[in-house]
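Letters A, B, C, D and E name the chains as they come in the text, with residue numbers starting at 1 for each one.
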Amino acid sequence: MTGEERPAADDIIVCREVHKWFGDFHVLRGLSITVKRGDVVVVFGPSGSGKSTFIRVINRLEEHQRGDVIVDGIELTHDIRNVELVRREVGMVFQSFNIFPHLTVMQNITLAPMRVLRRPRSEAEKQAMELLERVGIPEQAAKYPAELSGGQQQRVAIARALAMQPKIMLFDEPTSALDPEMIKEVLDVMRELAGSGMTMIVVTHEMGFAREVADRMAMFDEGTIIEEGTTAQVFDNPQHERTKLFLSQIL
Amino acid sequence: MTGEERPAADDIIVCREVHKWFGDFHVLRGLSITVKRGDVVVVFGPSGSGKSTFIRVINRLEEHQRGDVIVDGIELTHDIRNVELVRREVGMVFQSFNIFPHLTVMQNITLAPMRVLRRPRSEAEKQAMELLERVGIPEQAAKYPAELSGGQQQRVAIARALAMQPKIMLFDEPTSALDPEMIKEVLDVMRELAGSGMTMIVVTHEMGFAREVADRMAMFDEGTIIEEGTTAQVFDNPQHERTKLFLSQIL
Amino acid sequence: MRILTYRGTPLWRDARVLRAVTQIVFVVIVVAIVVYFVRNVFEAADERGLKLGFGFLEEEAGFPIAESVIGYTESDSFRHAFIVGVVNTIKVALIGIVAATVLGLIVGVSRLSSNWLVKSITSVYVEIIRNVPLLVQLFFWYFGIFLLLPVVQESLRLPGPIYVNNRGVFSVWANTTSSFDSWLLFVLGGVVLAVAVRVILGRIQIETGRNTHPNVAAALALVLLPTLGWFLVGESPLIRETPVLERFNFVGGARVTPEFAALLTGLVVYTAAFIAEIVRAGIQSVQRGQTEAARALGLSDAQTLLSIVFPQALRVIIPPMISQFLNLTKNSSLAIAIGYPDLYAISRIMINQAGRAVPIMLLIMAAYLAMSLTYAIIGNIYNRRVRFTER
Amino acid sequence: MTTSPEILKPPVITTGPIGWIRTNLFSTRLNALLTVVVIALLYFLLRPSLTWLFFDAEWAAVTSNLKLFAVGQYPSDEMWRVGVVVLIVSLLAGLSWRVWSGVARTFARAGGVIFVAMAFVPLSLDSLDVEARLWILANPFVIGLGYLLARVINVPPGRLIIAWAAAFVLVLFLLRGSGWMPGLPEVRTTQLGGLMLTILLSVVGIVASFPLGVLLALGRRSSLPAVSMFCTLFIELIRGVPLITLLFMTQIILPLVLPQDTFLDFIVRDRVMRAFVAITVFSAAYMAENVRGGLQAVPLGQIDAAKALGLNGFNVTLYIVLPQALRAVIPAIVGQLITLLKDTSLVAIVALLDIVGIGRSIILGNVEWRGSQREVYLFLAAVFWIFTYSMSYASRRLEEALGVGRR
Amino acid sequence: NGGDATPVVQTVIVQATPEPVSNRLDVVQDRGRLICAGRTDLAGFGFLDSAGINRGFDIDLCRAIAAAIFGDGNALEVVPITASERGPTIQAGEVDVLSRNVTWTSTRDSQWGNYTTIMFYDGQGFMVPKRLGFDSALDLDGTTVCVTSGTTTELNLADFFRQHNLDLETVVFEDTASVYGAYEAGRCDATTSDKSQLAAIRSGFSDPDAHVILPETISKEPLTPVVAHGDDGWFDLVKTVMWVLINAEELGVTQANVEQQRGSDNIVIRRMLGVEGEFGQSDLGLKATFAVDVIKAVGNYGEIYDRYMGPNGESFTLPRQQNELWTNGGLVYAPPLR
């Protein structure tokens, strides 16, 4: 990385001029952002602006084609070992839960620690129970996902991601498939997580949550971040017309 | 029916000690009710209390196993002719519309008059148009159900039932699958129908409608009617704790 | 006011009576037709001097059978000949099912490959094979491929040695000696030990997280014990038997006839195309999000496929797969076109030589129905298990 | 940054031929390896196959017997009837193109192209004489005529379905003729052969098995245990045995089971009809299962609603259940037709002269063609492939069309 | 009620019980054509030409019968059947004549139907590639032999090897062509069949001289048209037509000269052609001159033979040997027509 400034020690995610195309379609158009260790960044913006794609680039569910993505000092390239390393450090929670329906809640959570980290079962299960308590559903451990409500499933998904003890958690609209009561359950868990000092990138339009929890916010539009700043700045003093307009629409 | 009092001339539906089991499960547990000609009876109660089953027993979509059900002087027994007679006198509207998707609106309405009553097509279609006007969608006659909104479909269902010129109309939660605007459309049609003197049994939790239109109300719980009386009585002076509780919850 | 009551219901309007009467009439008609048919058969048989009994099964068959798993000579009974056919059918069906499943899995997964070439070739394979009658394919395999292999004297020699010619594939094989039985004990011991080691070490690995190398240990057990036994039992328990070209043919060793090979190839290639489609649909039925979630958790591609995708796909795949197994078994009756002595082919010879068309037809039907029933039972057991484990 | 960010072209490496090759052939190390292996394999398999196909194969066994493959022993004097039958189908195809477009258009156009190609195929006139070529060449024009006709006069889809049904009956009548019609002498079933027999057996088999299958499916779902048990037993019995044993059964046992010298003799004494019985019964069992799937897809509420209107059981089934069930089942029935078309080849094993039987007879009965096994079987495979692949294409399109369709 | 249905069923059964076909000639005449079971896949005996016409030695025998009855050899429907169906087909009376190279054996005679007249004397032999250097069937110990299933051939083969204590491996096919296909490809060291077929097949090989037919004849295979049991008149008719074919050759009456021969002064010829005298035509229900029609339609026995298997035969060439007329030292012999 000659000629470019090295990321500071507490910059846990650095994206520089990231471009991505789907075929001919230019999704990410020179996107740059730096996330500090322990920060909670809320990402928002109109549909199709590339928020999900951005998040998926960070743990390389998608490849970017130009620019640099450096996660905890590991640059994402075609080196498959780097991809493996990054995926262990980054947990991800999806809009549609993606809980494994053929495994019990307990098996959902212990699968990766046992297979990837080679944790002994007893240890993995102990940790899983702690996590289930943390997300508030210890009594559901033996059930299958189909027996859980949406909110419970999403909490399992969070526990599952946390079981890998990631340094960073990515959330892609974690509550948009949920009913109002359930949204609260899930946001509570995320609030607690943010409080514990986890670095988080959250795509969400729950602005109440953002105002309360986020350190910084980033407004996406047409494949770039058109506005980025502290929560207060963005809410109270947005620089761009687009941001103002968008915020006025969703608040 | 020696030893039992005969129903009065204007009792159009008489149920006496009706029992029904689904396998081992006792759904209707000695239910008795009498409906007078021209009355609008609103039936309500918690889910699973047997409201739908009761309504379906009245036109023998379900068989009861003990007790008497007499509809317009016809006792429902294993006599298939009686079943036929009763079904001609009773129209039914379902929660899920159950419009025939492979037939146009017009064909939906004329099918039964032509096949069961052997009306000539021209006559059946003339009557159908009148009914469509009555329910407010004459312009939809040639369309297929999939092209209609839920409220329009439910109105077609009402017109379809009316085309058989029934003496009694049964409604099983006719509005619970509809969006708010559409609920109004359908309730308006039902209101008009009640005004015209039709005998109606309506399972609904639209209490505004009930208060305005119903003559009597019946509260179901665990397979029997625990409270029955005039609308005013039930609303303003319910006798049972269950009724009070239930009403307070849904109002 | 008039009341139509219960007691007045005449029988012909009572729903219960009507149901009963309808069924009785139905049964009577069915039985009458069957009785009529059977009587016709007896009459016709009488008139034409056909015999309908099964007694002939004990008579000497007299005709040769080209290959048999269980041993057969012309002087054996018709009954034995029939059993030879059944066993031959089961043999080709079982091997065919295993091979077709493996091939079908590979092709099905390949159809979803990100490699365009692999994807297109497997698609072409599936689209061609599924759309051409199996009978035509069998003729092609047998007459167009297997019989056009070199003649015996010019056999292809593969390492082993394995000889390939149009009389089949001849391979080295091992013959047992008197000490074989004792050695077999060692082998069994090795298998038991290996399984035990694999299970125990596997469990330890899961419980403690330490890599205990369960597969390596099991493999060692599997190899060591029989090897030990080999030297302990004294005389070598197996001696190598190499096929040698005698005057007309290879003698000794193991052999696969071209008829069997062609039938098997035809059935496997044909059925695998259908299985591939089932596998593909099954895998596609697993939502993309599942794979992504697994990836995001850091599971490798193989782990994702094995512990996330396959278990979910299997629920969709198994039931239609079982019906493909049944199809394969039934299709093996086309063996008759290319000279493999399966159940149906032998039955037809029996009809000719014994002249008992009716009883033999009944035997054929019974045999196939028994096999279908077996598949149905397996399918039901699987369905029940899935239902229990799902929720 | 007030303006939208620039939209850039993707890097060359990811688009164009290079990008295509990279992403589709060499995206990972495994894929690269696979690509190389597959190319090598293709080279070693395809090269000898293609060499044989284009330089060594002797197609005379096929080209000299085209008439046999097409119609078997159909009398030469009566060949005009086959021509007329094909023309009728072409005309209806043209009409359907205009009325239904979609799948029908694809087929009508493809048909036209194939006919033109056949008419001008560079074979000696001995194999395909001028008269036959003219008959074939008439078809594309008739297809066009049908299309134009439907533009001029309005043909409602319902009528067109009736026309197809009527044509079906007419075609059977034309092909068979009858003893008493001057100009249309009877053609015996044993003279129907080749591709024509293959198609007849499967199409007539599907049509005949349809009502039987519907009855069996309804019976299986009947609330009367005796009826449902019998139907289930029958269906599973038939599905449990190979078609070939059924074919053999009907050839040998049917004449024993049925009475002799009655009106049933047209079955008892006719080998083709007996095979046809086997195919129909076999197909009906599978049809029943398909229809049952459709019946299960009809929501119970539909039946409740119909009963509540006072329709009796028969009318509920006829007007409410069956129309909905059958519509859902159309693609499955096309699928079954495809299977049946392939399965009819088994009649060759009971010595019927369908296209496979003809192929066998040509190879076996004539010393000069015995060396042409491969060519003949490849030809048969190609013929079947064209028919079944195009039908499965149609079935997929139909499925899409019905999936979004509302009726 | 189920009980009282039984009598109804019984009356139905009684009424529907078929009357036996008492007079097949009437049936055939009513129908307007003869139905004959044959085959389409055996060179020389029954095959399809490229116009789709079924032809061959066996088929011409049927044609002769059709000509005798209708004066038209084309009033004939040939139904191809498989070997396994021969018995049931003729037993059921489904066809009028079975002429699909059937070997006459005593069991079949008692079970299948009435065997008319031996029209082709055959015997089972072996064919082997010359390069294997066999001289005798007894050398075949340990060989693989290809054979057709469900035939007497298959049984004879087994008997022969057992009797001589020879080791045998068989490959069995449903149809003869597969047998020879497999043999030619080298799947088997030898093939066995009726010698006529072996010769036929040999002549079709690209190099006929590379194969030899071994001298042993291990069975008698008299090939004979069959009719169903139970109709003597029909049985006689078919036999008589066959005799006409043989006698015609003996008397030198051919397709070409049959019209002239009506004016012959040989009383035997005149009688046969119905010019004078009677040899049972009217008893059989045939025209006095049916023999003329027969010979016009197919020629005499020798002509039929030569058409398919003679020196320039359509299918192959097979010396007549035992199928020569008795007058030439062969076995073909028919009762006199008088």
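Heads up, the rule we're going with is that a residue touches a chain if its C-beta (ideal position, glycine included) is under 8 Å from a C-beta of that chain, and two chains touch if they have at least 3 such contacts.
What you are looking at is a predicted structure, and each value in this text was computed from that prediction instead of being measured.
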{"item": "Subunit E and subunit D - chains in contact with each", "value": "C"}
{"item": "Middle chain, criterion being Cα centroid separation", "value": "D"}
{"item": "Distance-maximising chain from subunit D - centres being C-alpha averages", "value": "A"}
{"item": "Interchain centroid distance [CA atoms averaged], subunit C/subunit E, Å", "value": "42"}
{"item": "For subunit A paired with subunit D, centre-to-centre distance based on mean C-alpha positions, whole Å", "value": "53"}
{"item": "Subunit A-subunit C separation of Cα centroids, rounded to whole Å", "value": "49"}
{"item": "Where subunit B touches two or more other chains, by residue", "value": "none"}
{"item": "Multi-partner residues of subunit C (each touching 2 or more other chains)", "value": "24, 27, 44, 50, 143, 336-337, 348, 351, 357"}
{"item": "Touching two or more other chains - residue numbers and ranges from subunit D", "value": "252, 255-256, 259-260, 349, 373"}
{"item": "Full enumeration of touching chain pairs", "value": "A-C, A-D, B-C, B-D, C-D, C-E, D-E"}
{"item": "Complex contacts: residues of subunit C adjacent to subunit E", "value": "24, 27-28, 31-32, 35-36, 39, 43-44, 47-50, 62-66, 74-75, 143, 147-148, 151-152, 166-167, 246-249, 257-259, 336-339, 341, 345, 348-349, 351-353, 355, 357"}
{"item": "Interface residues, subunit C side, partner subunit D - complex", "value": "19, 22-24, 26-27, 30, 37, 40-41, 44-45, 50, 113-118, 121, 127-128, 130-137, 139-140, 143-144, 326, 330-331, 333-334, 336-337, 344, 348, 351, 357-358, 361, 364-365, 368-369, 371-373, 376"}
{"item": "Touch list for subunit A against partner subunit D, complex", "value": "19, 21, 23-24, 26, 29-30, 65-66, 221-224, 226, 240"}
{"item": "Contact footprint of subunit C on subunit E as seen in their complex", "value": "1-2, 5, 8-9, 12-13, 17, 20, 83-84, 87-88, 91-92, 107, 110-111, 132, 142-144, 147, 149-151, 154-155, 157-159, 162, 168-174, 178, 181-182, 185-187, 189, 229"}
{"item": "Residues on subunit D engaged by subunit B in the complex (per definition of touch)", "value": "299, 301-302, 304-312, 315, 319-320, 323-324, 327, 406-407"}
